[in-house]
Every structure is written in C-alpha cells, then in structure tokens.
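Okay, so here's the structure we're looking at.
The letters A, B, C and D name the chains in turn, as written, and every chain counts its residues from 1.
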Amino acid sequence: MNEQQLINTRRDFHKYPESAWTEFRTSSLIAERLESLGYRVKAGLDVIDINSVMGRPSEEIINANIARALSQGANKSWLDKLKRYTGVLAELDTGKPGHVVALRFDIDCVEVDEDSSTSHRPFNENFASVNSGCSHSCGHDSHMTIGLGAAEELISMRNNLNGKIKLIFQPGEEGCRGAYAMTQAGIVDDVDYFLAFHIGMGLNSGIFACDSKGYLATTKFDALLTGKPAHAAASPDKGKNALLAACQAALGLHSIAPHSEGNMRINVGTLNAGTGRNVIASSALMKIETRGETQAIADYVYSRSLEILNGAAMMYGAELNIIKAGESPEMKTSPELAKIVKEVVKGLNIFDDVQDLIHVGGSEDAAWFMNRVISHGGQAVYMGLGSNIKAPHHNGKFDIDEGAIINGVKALVSIVKTLAD
Amino acid sequence: MNEQQLINTRRDFHKYPESAWTEFRTSSLIAERLESLGYRVKAGLDVIDINSVMGRPSEEIINANIARALSQGANKSWLDKLKRYTGVLAELDTGKPGHVVALRFDIDCVEVDEDSSTSHRPFNENFASVNSGCSHSCGHDSHMTIGLGAAEELISMRNNLNGKIKLIFQPGEEGCRGAYAMTQAGIVDDVDYFLAFHIGMGLNSGIFACDSKGYLATTKFDALLTGKPAHAAASPDKGKNALLAACQAALGLHSIAPHSEGNMRINVGTLNAGTGRNVIASSALMKIETRGETQAIADYVYSRSLEILNGAAMMYGAELNIIKAGESPEMKTSPELAKIVKEVVKGLNIFDDVQDLIHVGGSEDAAWFMNRVISHGGQAVYMGLGSNIKAPHHNGKFDIDEGAIINGVKALVSIVKTLAD
Amino acid sequence: MNEQQLINTRRDFHKYPESAWTEFRTSSLIAERLESLGYRVKAGLDVIDINSVMGRPSEEIINANIARALSQGANKSWLDKLKRYTGVLAELDTGKPGHVVALRFDIDCVEVDEDSSTSHRPFNENFASVNSGCSHSCGHDSHMTIGLGAAEELISMRNNLNGKIKLIFQPGEEGCRGAYAMTQAGIVDDVDYFLAFHIGMGLNSGIFACDSKGYLATTKFDALLTGKPAHAAASPDKGKNALLAACQAALGLHSIAPHSEGNMRINVGTLNAGTGRNVIASSALMKIETRGETQAIADYVYSRSLEILNGAAMMYGAELNIIKAGESPEMKTSPELAKIVKEVVKGLNIFDDVQDLIHVGGSEDAAWFMNRVISHGGQAVYMGLGSNIKAPHHNGKFDIDEGAIINGVKALVSIVKTLAD
Amino acid sequence: MNEQQLINTRRDFHKYPESAWTEFRTSSLIAERLESLGYRVKAGLDVIDINSVMGRPSEEIINANIARALSQGANKSWLDKLKRYTGVLAELDTGKPGHVVALRFDIDCVEVDEDSSTSHRPFNENFASVNSGCSHSCGHDSHMTIGLGAAEELISMRNNLNGKIKLIFQPGEEGCRGAYAMTQAGIVDDVDYFLAFHIGMGLNSGIFACDSKGYLATTKFDALLTGKPAHAAASPDKGKNALLAACQAALGLHSIAPHSEGNMRINVGTLNAGTGRNVIASSALMKIETRGETQAIADYVYSRSLEILNGAAMMYGAELNIIKAGESPEMKTSPELAKIVKEVVKGLNIFDDVQDLIHVGGSEDAAWFMNRVISHGGQAVYMGLGSNIKAPHHNGKFDIDEGAIINGVKALVSIVKTLAD
C-alpha cells in the first residue's frame, strides 16, 4: 500500500469503530485481507482462550454488534468463523531457519463520542465515527493500518526473510481485557522477539522511542453486593442493606494506605444501588480499578480491596461477587532488544530523533504477551511512534498526524527483517 | 350504575393503570363522565397549582403517556383541556343553603408489574394491566369507581340535597405527590366537611371504619451531588468525588439518632453515581424518604437530613441540590365528624361492623386537604372500607373483593346527604 | 430502727458510696448488721458465680477500694470473708411451712460527682459523698436502708411468720453487672415470691406502684480492635489501621435498621484509638450498649452489632475481641402477684395512692432474678416507691424525700408477711 | 573539648532527655556553657516569637518539667532567664568584615521509652534516660554536643576568623514545633550562610553528605469536635454526636485523593471521643498530620483536610476547632553552597566518602530557617553526618557510633571558617 492507501485504510477503520470484544467488522476485514495476502490466518475463538476472557459484554450486545458489523460491510465468511469472538492471528513461516518474531496491534476503539465540530478533521472530511458512543480516539485505527501495511511489505519480501513472523491483532486493549485470553491461547509461546507500540503518547511527529517505562499493573473488576429487600418503613429490620454495605466499602477502598515503595491508585468509578425510594436496597454494583507501579504494589492494593469488600459485605449480611473485567501485570521489557531496535531505526534515517525510552502512565495489557515471551527466554519491547495529536488520547477531538503511518510501516518492516534472521 | 356496571367501570380503570401525574386517560374519562352527568367540571391545570407540583416525571415521559392515553381511548377534547396536568374537580351547587361537602378519590396506580399467573383473577378474566410496570395494586381503581357511582346517585337526588358537593379526583397519591398542588390551588378552601377513604387496609369485607390513625408525616426527596470528573489514575487530585460524598451522606443519614417521642424512618433507597471505572465520579443521585410519627419528629429527621447532606457535600467540595418529590404532613382528623359518620353508616345496615378507627402505617397525602379544611374551621375524616384482598397492597397479586364497591357508593351517598344539610 | 435511725443509716451509706463490684465497706457493714440481728448470712464470693461476673474493674482498682473501705470503717472480719467480691444474702428460715419470699436491694452507687453547693442538702448537712467520682445519686442508699429496716422488723416478728425469707443485697446494678452472677449462683432457685423495687422514678411522695413496665433488655459490651502499628509516612502499607476499622464500625452500628416491632437503641459511647500522630493506629476500644423493647429486638440489635464489628475488623485485617460488661434480659412480671401486693399495700393506709403499674425506661438487671423465679413457677414484681426528688436520677444534685424510707419498710414487711404464709 | 569530653557531654545530655518545649535543663546548661566561653548569649523567651509557638504542652506540664530540670542540675540563673521558654542563641561577632554564618542544632528528645536491656549500651554503661517516656533516640544529644564542641573551637580561633557566627540551639524539632517561632523572632534575618545537619539517617560511619533531598512539607494539627451530650436511650435526638462526626471525618481524611505530582501522606493517628457508654458523645479529639513532597501538594492535602473536617462537623451540628501543633514547609537548599561544603570537607581527609546528597523521608523544620535565609539572598544546606546506628531513629534501642562526634566538630569548624571570610 502506498501512503494514500494506508490513509484510506485508517480512515475506513476510523469511521467504523468497535469497542472491546465487538470488533467484528474490524476482525473480519483484517482476516480477509491477510488471508488474501497469503498469510495463514486464524481468528476469533481460534485465537482466544474462552476461559480467560475478561470484560466481555452481554450476549445481547454481542448480537447487536454482529448485526451492525454485517450492515457496515463485514466479511460474512470470516464473521462466521469468528464464532462470536474477535481478534486475528496471521502467520508467515519462511521455512528457513531463524527467529520467531511477533508484532502486536490493538484494534478496539474507546467508548467516547467523537467530536462533530467542523474544526475536527474526521468530521469535516467525512470519516468520523458513525457508531454512537464509539470512536478511535486512542489511535488504534492507525495501529492496525500499520499492521496491514507491514504485512503486505513483509510477505512481498518473503524470499529474503528468515524464520517465522506472527502478526497479532488483539481485541479489547481498552480496559486490559483482551491480551490475557490471547496469551492463554498460547499464541506467543514460541516467540523469540515480541514488539508492540503506540502512536502519540506525547511524542511529536518525527520521534521514535525504542521502549517504554511506567505502565502500571492493574486490575479492573466489578463488585456486586446482594442483600435482601424490605419495606423501608414497615419492616426495615427484615432487609439486608446492600447500599450501605457498598458505601462502607467505597470509603474503605479509598482509604487503603498508600504504599511506601511506589505509586498506587484505586477508584470506585461507579456505584449503582437500590430499586426504589421506599425499599431497603437489595443490591449494589461497583465498578472498581486498582493500579500499582510494581506487581507487588498492585497485588497489595487488590488484595486489600478484597479484604475491604468482604468485610463490608459481612457488616450487612450481604453476599459478594467479584467479576474481573480486565487485568494487566507489571510490564517487563528487554533493554538488549531496545538497543537492537534503536540501531535499526536510526539506520533508516526517517526519524528526526530516536529515543531510548518513553515514560508513560496508565496501563497496557501487551504486558501479558511481553512477560510470557520473556519468561520463556525471549525478548520484548514496547515502542513509541511519534505523531502530533490534536487532543489528548480518549478525548473526542483526538486526531493523529497521518504522516506517522508510513514511517511506522517502514520501521516495523526493518526491525522484523533484522530480528527474524 | 348498578353493581355490574360499577364492576365493569373498575375493571376498565384496572386494565389501563396510569402512574402519578400521567393519569391522562383516567382523568379525561372521569371528566367526560362527570360533565355528562351534569356536574360543573374543571380538570388538569385548572385544578393544580403548578408551582406546588412535586415528583412530576420528565416532559418526555409526559409526552409518551399522553400518546399512550390517546391510543387507549382517552377523551381527546378533555385531554387537551388538561394542558399536560391531571386530576379532576366536579361541583354540584344545589343553590340551597347548606354545607360544602368534599369527597376525595385518588386515581393513580403503583409502579409494580401485575401478576400474570392464571390464579390471578384480573389476568384470568382479561382485565389485568396492559401497561408494563404499572398496575392498580393499591385499589385506587375502586376508589374512582365509587366516586363515579356516588356522583351519579347524588346528582339524581339533587332536588333533595342542600348545600354544595365537591368531588375531587386526585392525581399522584403514591409518593405523596398530588394533594399538595390541589390544596394550594384552593379547591378545599370553602369546604365544611371533607371525607377520604381507602379500600382494604387490613379490614375484611363487611367492615367500615369511620376514621384512621397512624399515618406518618413524610418527605420524599432527591439529593443530587455534583462534583468534578478527573482521570482516576492521571489526576485524581483534580476531581471532586461526588460518589464518596454520597457514601458519607448515606451512612450519615442512616445514623440519624432515633427520636425519643416516637417512631421515625429514613431510607436512602437508591444511589447512582459515576460514569466510568477510571473516572472520579462527578455526580451522584440519591432517592431518599424521611418519616415521622408526628410533625415534630418528621421535621427533625428531615432537617437533620439536610444538615448531613450539606456537610457531606462540603467534605468533597460538591454542590448539593435537593428536589422534593413528595410530601405529606401529620394528618389531623375530626372525632366529632367520625361520630356522625358512624351513626349514618350504622343506620344503613349494610355493614357487619362499623368501627371507630383503623390503625394504619405508611403515609397518605390526603392529610394536606384535611389539615387545610380543619385549619379554617371545617372537619375531616379518613375512613376505611373493608374488602378481602388477595395479596398485600403494592404487590402484583393484589386484587379486591368487588362486592365492597356498591357498599362504598351507598355509604358515601348517605354521609354526603346528611352532612350537606 | 425508728425513723431517725433509718435516716442516719441512709446518710451513712450516702457519705461512703461505692460503685459496682467495689461495695466492700457497704457489704461488710450490711453483713455484720444482719448477722447480729440473727440472720444466716453469706456474702461476697459465697453468693456470686465467679464465671458469670460482668464489668468487674481491674484488680488494681479492687485493691484500692478494699483499702479505702478499711479506712472508712468496713468490718474487717466480713471484708476478709468477701474474698474480693461483694453482695450479701441473709436468710431467715422460720421452720414453719410456708413460701419462700425474696426481697432484693441494690447497693452500688453511680459514677457521678455529687454536687457541692450549699443548696444541696447532703452537702449542707455534711453527709455528701467523700469518695470522688462516686455518689448515691440513684437512691440505692435508701434501698439498702429499707432492707435493713425490714430485716429488723421481720426477725422481731419471726414467731408470727411462716416459710422462709431471703434478703438479697445485690452489687453492681448500674450497668446491669451484678444480678446475673447472683442468679447463676442459684440464690433464687427456691424462691416462690420475688420482690424488687425502686425509689423515685417519677413517682411523688405518697405514691406506691405495684409493678413496672417498660424496662429495656440490654447488653453492654466493649469491642477491642487490634491492628498493627506502622510509621504513617514511611510505611503506611505495613500497618493494620484499627482506628479506621472502628470508624467504619461506629457508623455501621449507628446505621442498624430500626425494628418494626418496637423500640431499640444502640450507642457507641466512647471510642479511643491510636498512640501517636504519626503512627498507624494499632488498637481501638469502643464502649457500646444495645437495647430492645423485647428480647427479640434486643437479640436482633446485638447480633447485628456483632456482624458489623466482625465485618469492620475484617475490612482492615484487625482482630476483634468482645468483652461483655453488663446485660439484662426483657423483664417478665406476674400480674397476679401485683394484685396481692396492691391489696396489702392499700390495706396499710399509709400511701395517698396505690397504682397498678409504673411505666419506666432504661434497664434494670433485677430481670435476671425475676425471670428465673417465674421460669420455675414462682412470681415476681418490680415495685415503685414514690419520693419527691430534687434532680433526675444520676444527676449530682439528686436527693430523696427521706420520709419515704419508713413507709417502704412498712410496705415490705406487710407484703412479706402475707406472702410467706 | 577532647574526644572523651565530647563523649561525656553527649552522655550527660543523653541521660536527661527533655522533649519539645521542656528543654529547661538542656537550655540552661548550654547557655551557661556558651556564656562562659565568651559568646553573647540569649535564650528562652528572648529568642522565641511567642505568637508563633506551636505544640507547646500545658502550663502544668511546663511547671513539672521546670521542677524536674532544677532537680536534675539545671543552671538556676539561666532557668529564670528562659522565662518558661526554651532554646539558645549564641553570637560571636569578630568585628571584622565577613559573612554571617549560622549553625543550627536541635536539642529536644523523642517521646519514646529507652530500652533497658543489658545489650543496650546506654543502659549498660549507666547513661540511659532517667526520664520516663523520654529518650534521645534520634541523636539530638550528639547534635548539641557537636555544637558545644564547635563553639569552643571557633572562639579559640577568633583572631583568625572574620564575619559573625551564630549558633542556634533549637527546641522542639520533633513534631516540627520550634523552628518557626525562632525564625519569626528574626534570628536568621541577617544570615548569609545557614547550615544544619543530622547524624545517622542511613549514612554509615565515615560518610558525610553535603546536602539533603526529600524532606516532606508537613502540618501537624489537632481537630477538636464539640457536640452535645444526651442520654443515649432516653433522648438520643437531643444530642449532637461528635464521635460519629469524627468517624466520618477520619474516613474522609484517609480518602483524600492522591496527588498526581508527587507523594503525599495523611494520618489520623489518634481519636478519642465520648465520656460514657450510655451518653451521646459530646466531644472528639483527633491528632492529625498531613505531608506533601512539594509545598503545593502539602497545601492541597491540608486544605482538603479542612474541607473534610468542616463538612463532617456540619453533618452532626458539631463545632470544629483546629489547633496547629507543628509545621514545616518544603525545604529549599543551595547547590552552590553544597559544592563549597564538599570541597572543604573533602579537604579535611577525615571522611571515607563525601557525598553530594542524601535522600531522606520524613520532615524537618530547619526548612523554616533555610527558606528564610534563601528568601533574602543567603544560602543554606542540610548535611548528613554518617554514624552506624544500633536501631532505627525513634526506636528505644537507638544508639550512635560516638566516633562521629569529633569528626562532626572538625567539619563544622572548617566550613564556618571558610564561609565566614
């Protein structure tokens, strides 16, 4: 694909954003394209460990989104093969000795309405999201475009390549929902070099960073407290008040002591309890996330959270159910691999500046893949691709400098070629 | 109307229940009927003080319910005259000296799904609610039927009547929402004798109670806390956490000290806060009710509630808005009038037992009318009409013994005739 | 004793008040007196079940109070026989057939400083408390005086008496601490008629009430939460915060839902937590009481309290210890016995008014004796002896009308004589 | 003083430790000694701004400690001159042009019992604290010893010195109580170079650090909530529950959101509320501290604390009083001065290692002096003097390597000589 084709591909993805575990149009079109290029492609349930899925929406929502995907041009044949799950894995085995190199691209959108003012280019040029409540305001549209661009280049030079290449298109990065299920499906168990990256992240156009530091280990979970209803005036003593249990829990969760060894975060983001003004509330649902600068800190805050929730439930005789909705461990990276990447990317002479490291915040579930690869002796990095952005990530006015896309393709192709040898 | 006609009328109301402030079909048909009988009829905005309305749904819901009413046989002409408000007042002025006697009938349903098992007569005989989430599970369908029955009888005997008769069909008794706005419109300012009643209430068929005791003064209100959103990991200090403010408030509200002089109740029935797992919650809405055995106790618990809510808002820098959704004062009654009622009803010889008093719980906003009438020198009682019921009030299996209806008509007609003299 | 002697006795007790489980001077002098009158006397550890003692002070305090008792004229020989416990039982067995009649007198003071203004008669006439922090501001000084007066009368007429008489001088009524241990020692297991009474209680001089109604079942207990200290700035995550656990518990305890069947109360009266400003608090102690109008309600609020305390402890990884400090069950009484009492007391013609019942509040651990007697087929009442008082019970300005004492003696003597037959 | 004399001096201070604002023996002996050396000495109220004193004990405690000081060998004449306040300032004006150089030594002990096992050298060699609850377990005894040692050296070389030397012996460093009042008295307003230091702090014997980084800005304060008592069973509604207000506040304080720009801490170290089990608690006292990595963070957490306390007080109708007990701002230091110090100290060749910086935690109120000096154009550093310690600071087993003392004297003398020029 030339630059214009890459931009067109990105804009098509941008117009039809799909959120975590509903990337049906996206997955089917990626699979179709990669298969047509000559890759061996598996998708949906074939690349997902169903028991490791976190934060999947209800089956009603899945149904509605499959229907929407069809109406928005999904590939029917691949849609069926997905078997109600999303994500794609494409493999190219050169048949020659060499290393196994994996690239990871995340494909989901964020649940934010896209801006519809004329100053917003996607709106102005008619490729803004048509899916209400959804937008590619984090830049994953460009990630998969780069993935498809690199896929085409790499297969075109297969005779000059060694080893094996794996292209991973991961669903549900937002909320740290998808990587674990792919990792548990074993798809990186044979990987020697693993590379993931993000566009933007505070890096201006023309800058490339060879690794990242600062992602927080995190757990996202829902806590459901179930008590017993009772008429609030006639028989309040007959109830078990799940609303008050949740209030005690929320205060307790936010009072978890800070950790002496580094940053941590906890948030009860939503609390919904009760059915009527004159009824003792019989249920309460909280959406919670915990984060820690290290795995030990993350484990501390999560295990303290469970103590607090269990205690608060006991206070009011309520039952507690914890449902994990997402998770990512502390990310390990390989400085030696970052050095190789730096050498290769500098050698391309297409970036103004090639940095060692980008300091980030937030969380990123590519860590599951990376830690797995490193644990069996492989190497992994998380790179940064500079691109001037119009608004912060996850903001409805977010837009990228599309010039970064073709440079991203070139960088990945060179890195893979070098590593696969 | 003969007994069968009364029963048919009740079953028609039963099939098309409408909840507080949406009684459009109900009001239009009552107004049409009373006008056709010869009463001077006013309805909707003409009998409501718009500034005293509490707990009215959103205009979207009003629109939807007006449309539904039309589709379910509302009288179009009266529907227009309602001007988006509900309730009916019918007057008969005999032109002869005498007293002004008012009867009050409540017309709204409760927001409970009606049972749909074959053991439930309304379902079996095809007059169960067709409006999802709504049912006449408190018996107000029989109240208005009795009202229409008495209306027909009374006007037929107008030549033998003295004074003036006012028939009040009140919207929004559930949640104590409607009586205040009617009282403030001045419709009982000239009343000498005021009578309200309820069917069931623990009285078996064949029993009549001449007055009630035990209704709790109550305030229903929503508390909206508005804070400020912020990313929970990146800038938690920039937020103002309305969820935590609400949790502190809920615990504080439930810890209000009991009152030494009698029963009180408080309940935070629902709490809904926050928008996303990783965002500091910027708003929280609680539905609250307070009750007291006396006005002083009710005032105590309500004013303590406001202190607590204001303090909790201040703790987190949140803004507090209180929206009253319903209210009823401590009910005053007139023992002298109860004595007259007893004599008249006993004289009918249609009840097995005529009791002085029924002890009740809960709340009833007829108290607004009654206290107003008594405050200007009139008298008022709240009577009980026995009827075996199949399940407790507000339960989806609730059904009455329809035999009580005609006896109710007879009792009211006799009482009015006596008092109007 | 003539009236002046009775008054002198009361004033002596008044001057040397002793609080629960430290009534060493009091017990020794009562025992000495009763023995000298000819009763068979047991005291201290001989009338107490040591495993059923609640709310006993530390051994250091016991030591100090024994020393004080000696210095204030205790009987040394009886002090030794007490074996560090208090309370006295005197028996008179007439040897003739008849009933076993027991009278109970409580002997402890309250922990309130006595008023020292010249308008306060005890101060003015030099019989105010000399024991700081202690005063007979509830009237138990008069109870035991009446007991000694009746003892003298009854033994003087032993030839005209039948059955057996038991005079119980109970320690630790305040805080409901002493009756249980005496009941468990079995001292009322053979009793047919049991009588207790209180002076004052809102009854004016000249009034006598034959029974009481309204005492609340209660449990007094301490909750000790033990966490783990840590430096609050350097290693807050290493602590287990008992202070926050206590705060959650206190809010939870005060939010226990009211009971539909009657009054209940709960109070966290004191909370003391932590050792230093910059240390995570490792312990917290709360003094708590629960009360209920019926045993079922009292059980409900106490068991809910334990749930809440256990849950709050779990929230912060703290250990919970519950120490009972006092308890009294719902009091049962015998209306038939009250009738007999009424007849006897009316017959004396010394009271202006003899009432059936006095309605009281608060709690009274005579209930332990009464329920035990009734459970094995006996009868019991709790009477009221009118006496104009100068200030409410437990107030430092409390003083009685001493004229009530001799009437109390006369009433008890007559009642016992009648019942013992 | 030779090394043995220095050690004897340190051990004398060690044996008679005095906590913040009670350093009467200590101050009087320091003043006596410095005066005898030839310094111009001011002490107590003459070097303290009385309106800026924080965390001073009650006058009863002051009285008791003055008496103890006298009994332990205080200088009576200086004790009088202190006028019930502590701290000493000694000045040496060489009369020659040069700079004003100030050294600061803190003189208070910590409120910790000293270990009394034979393995603890001070106990074994008979110089352990004789003042119960007090010990020099932070090393301030060595600080003042070094100060007196340097004083003697410096005045002995006065003919070779220029400028002016100020030796500041500050009371109440623990709890950040004393420096502010001395700063407000103006005693460093003319200072060009200011130097403070601490022994130990994780530096081994033989190491010297020229500056420090990491002290947290802090505020220590007491929050007193005053409600209204009431009988918990008879009239709970009449009370204003300060205990519950404190519980809400404590949970709120510990739930203050972490700051995105750096570390912060908050601790409610103690909470004491209520008077009796059956009384609504009418008062509650909390000892609180807030800390922040920067002044902005410290201001954030302190101002949020006040919001929370005010809100919690309002919730229960309680009155709030805040009493500041200590405070220290973010510490500014002068890297240029640190460079000079490094050069001088290295030149002495008595330390194994001279480091640029020591990273610390905790808080240190020398910051008041340093920021004042820097604000008028001077320079300031906070140095570290290595010394192997036996247990952490503030632990009863704390003891220093006394070999560090003479090296401390030498370093200070050289630095002052250089800077004063």
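By definition in this document, a contact is a pair of C-beta atoms (placed from the backbone, for glycine too) under 8 Å apart; a residue touches a chain by one contact, two chains touch by 3 or more.
Everything numeric here is computed off the predicted structure, so don't read it as measured data.
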| item | value |
| --- | --- |
| For chain A and chain C, chains touching each | B, D |
| Size of the rotation, in steps of 5 degrees, that lays the CA trace of chain C over chain D | 180 |
| Copies chain B and chain C touch via same or different residues, half shared test | same |
| Centre distance in Å when chain A and chain D are each reduced to the mean of their C-alpha atoms | 50 |
| Separation of mean Cα positions, chain D and chain B [Å, integer] | 68 |
| Touching two or more other chains - residues of chain C | 234, 236, 241, 244, 248, 251-252, 254-255, 257-258, 265, 280 |
| Topology of the chain contact graph, where touching chains are joined (line, ring, star, complete, other) | complete |
| Sites on chain D touched by chain C in the complex | 111, 175, 216, 220, 232-234, 236, 241, 243-244, 246-248, 250-251, 254, 265, 267-281, 284, 287-289, 291, 325, 361-363 |
| Residues of chain C touching chain A in the complex | 234-239, 241, 244, 248, 251-252, 255, 257-261, 280, 300, 307-308, 310-317 |
| For the chain C and chain B complex, residues of the former touching the latter | 251-252, 254-255, 257-258, 263-265 |
